[in-house]
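Sharing a structure with you now.
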């Protein structure tokens, strides 16, 4: 094992070590001061943790690939909201109502297509104009949110379908529906990134775009595909979450892009591109959700939660820098 | 030859495109609604853009230096709450001084992390967005802050008064824009900011202290945020803890619209001012012709993409990207 | 298995009744967005204080930060921790219904506080404790109409409305109460336009600025709470527009002060301390097996410049 390998292993392990520290901390402190009789570390609670990680988690997994490319997507929160609106609203369309419960899978398809379409818009603009993804998606974050408001003004869009809620709340082999979607996404994306040409290309482009072009990789279509993928995943996240809640406010999903990026960075993915792992992002997502859950468990108030989450993010960056002395590349956008 | 000429046209468009777009825009709306260019309306638009504008001036420095600042909205809430709280305890003069001191300290902290520790600015300022919000809530105990005696203080002068018929926020915005424009274009510090942002590595080799320059850009940004907080506090004499929430992205949109490159090294204060004004007048113009507020989001989306596209297209001398 | 537990629980409640009160009860609360305005912050403090004053009650206090997903997660956490009762201040009156049903299925009584959930969820809650927002809306309409009659402009006045956060039951109910009552008492007053101010003073100030640009003639402004009302007042002052009658709801201290200065006409007096204490008491009563009205309102009287000396200045 070379020193580089060891360092890599250490870095990949870092997020899971952090999760263990969190678990230990909240269990011990929780025992001392929480009013709940139940232990923090119990199986049901950990299963819930996975389920609650799903909405941000599914988006963050897609964000990992985008960031390995050296791009970023700030519009996922708005895509999430628009897909949710399509999901709930489409079930009230006359022809859909005549379909009975068959309307449900169809509504999912509509929502997912919405996500893919919005992603394709971003991807095409990035590809064809050569404007940086940060700017393209910052602008479309505004534009997509405008579309959300255009749909139903400032009113919420609601449709409560109990069949759908029952499906979303179901547990299969102990895991919630949302967890299955999260884990399924992890598995598929992990396979894509480690076993396929597309995955290898993603790393190659992020490492050195010039070299990738010279090696004959078609960068433009590759970007387009990845933006469609993250659009799809943002919509999938909406499908999973709103199946269980039945009402979406036009402001829902705001700041989700920032939480997703946070999770990806916690997982060790480089903003400059070329390095990152799906499994570590899952760790990042779990770490954040655990932090929220744990702080609630020990009774921390709102201001402490905000302070702690912000400072931990910075602390992780400092730690990451210590581990990786080479000096982090600046975000070149 | 033809290629060269195209490039020349392109360069011209890149340099003046944003101004041309702005002019076309103003003429269009003025034709649609007379009221759009009445002095009262114009003043109204600039006055309500002033707070965003002042923040955008500072972020321009950070962006030209090759970094980002997502914490300005959260920091503006902090400044506003602090100055309102201290106003009743220390009096307006000391309160303003103390607030500037504290806000600059936050800016220095971010500058230290990004400049000296070389941490990624996106994540640092994202973390600070959340942390500063926590700090604000701790300071205020989560309560709204209001000045108790609103008529017995000169504090309202910054946000509500007029001098020679011009609202004070506009004067402050203009004054700050002129001073910062000079700082950026006429001083050694300004040149160093461009150098560091344009090519950080080369700047270091040529002996420019990258860390210190980046540190300073965040101080400039914090100073602008403090000024914005002062305007905000003085304008409403009371505030919620979330007053600046979400402004960071609007500010960034204005800066980008003004043509500052996120690669660093490009952009001017003047163009940022134009970017701010375009956003302000779009909002007002669409309202006057009777469109809903969200149309503004969609229009802004399209305008930003077109503006930046034009800019990069001019620089590379061809419209479509060479990406295969 | 589940049946037995349900049955056992029913027996316990029926037989033991008030004996259960001697035991410590754990009550969990998930609030909407603490720290976003003074009302919610004061509510939280009052709630914790009231719980500490009662030796038989322990509380788990959570805050959703305005995010529906986080609130649903907190509901699940509270159910998982097997608290005795849950109090919820909904971020969205419809989106939380499935989560409330989950608590109901786990035999944990749910009390909704401050802002009700939508009717589809009524089967799953034990009680709603809070203000009667429809009545509040109609009272605001009456306050405004009475003032217009005094001024002699009840036949021509034009009113704009700045409502609370869309989708939020309190906002919907107050707007409905106002819109229904106004034509009954003042049939010739026109409600020109309604825009949401999201319970936010800044947003409301911007909305009012837009109204002032659009309409040269505005006689009255109804805001869904005083926080927004004062934002609108600031906009009118900055534009130099005088003589507009401002009426709000949930009297904040800034609103009270503006009334004292004669800038702001009236509001509805609603104390977050009463609100918090009523919610906790309702939950305790439910756990003790006492009869609790399904809609458990506390009184929220009218306050105007004329009678404000009968009220102490709000603490928030």
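As written, the chain order gives the labels A, B and C, with residue 1 at the start of each chain.
The rule is simple: contacts are C-beta pairs under 8 Å (C-beta built on N, C-alpha and C of every residue); 3 or more make two chains touch, one makes a residue touch a chain.
Not measured: the values here are computed from a predicted model.
Measuring between Cα centroids, which chain is at the maximum distance from chain A?
C
What pair of chains is linked by the largest number of C-beta pairs in contact?
Counting C-beta pairs in contact per chain pair, the top pair is A-B.
Using mean CA coordinates as chain centres, what's the chain A-chain B distance in Å?
The answer is 29 Å.
Nearest whole angstrom, what separates the Cα centre of chain B from the Cα centre of chain C?
For chain B versus chain C, the centre distance works out to 36 Å.
For chain A versus chain C, what separation do you get between their C-alpha means, in angstrom?
Going by mean C-alpha positions, chain A sits 33 Å from chain C.
Going by the touch rule set out above, which residues of chain C reach two or more other chains?
34-35
In chain A, which residues are in touch with two or more of the other chains?
153, 302-303, 305
Quick check: what residues of chain B touch more than one other chain, meaning two or more?
137, 142, 293
For a test of understanding, state which residues of chain A touch chain B in their complex under the given definition.
Residue positions touching the partner: 74, 125, 127-132, 134-136, 138-150, 153, 213, 218-220, 223, 254, 258, 261-262, 265, 271, 302-314, 317-318, 321, 327-328, 330-333.
Show which residues of chain C lie in contact with chain B when the two form their complex.
Interface residues on chain C, with respect to chain B: 34-38, 40-42, 44, 200-202, 205-206, 209-210, 213-214, 227, 230-231, 234, 237-239, 252-254, 257, 261, 316.
Under the stated contact criterion, what part of chain A meets chain C in this complex?
Against chain C, the touching part of chain A is residues 34-38, 44-45, 48, 51-52, 55, 153-156, 158, 160, 165, 168-169, 241, 244-250, 252, 289, 292-293, 296-297, 299, 301-303, 305.
Tell me, which parts of chain C touch chain A in their complex?
26, 34-35, 58-63, 65, 68-70, 72-74, 76-77, 80-83, 92-99, 101-102, 118, 120, 165-167, 196
Considering the complex alone, what residue numbers of chain B touch chain A?
Against chain A, the touching part of chain B is residues 66-68, 70, 113, 117-124, 126-135, 137-138, 142, 200, 246, 249, 252-253, 256, 262-263, 292-298, 300-302, 304-305, 308-309, 312-313, 316, 320-324.
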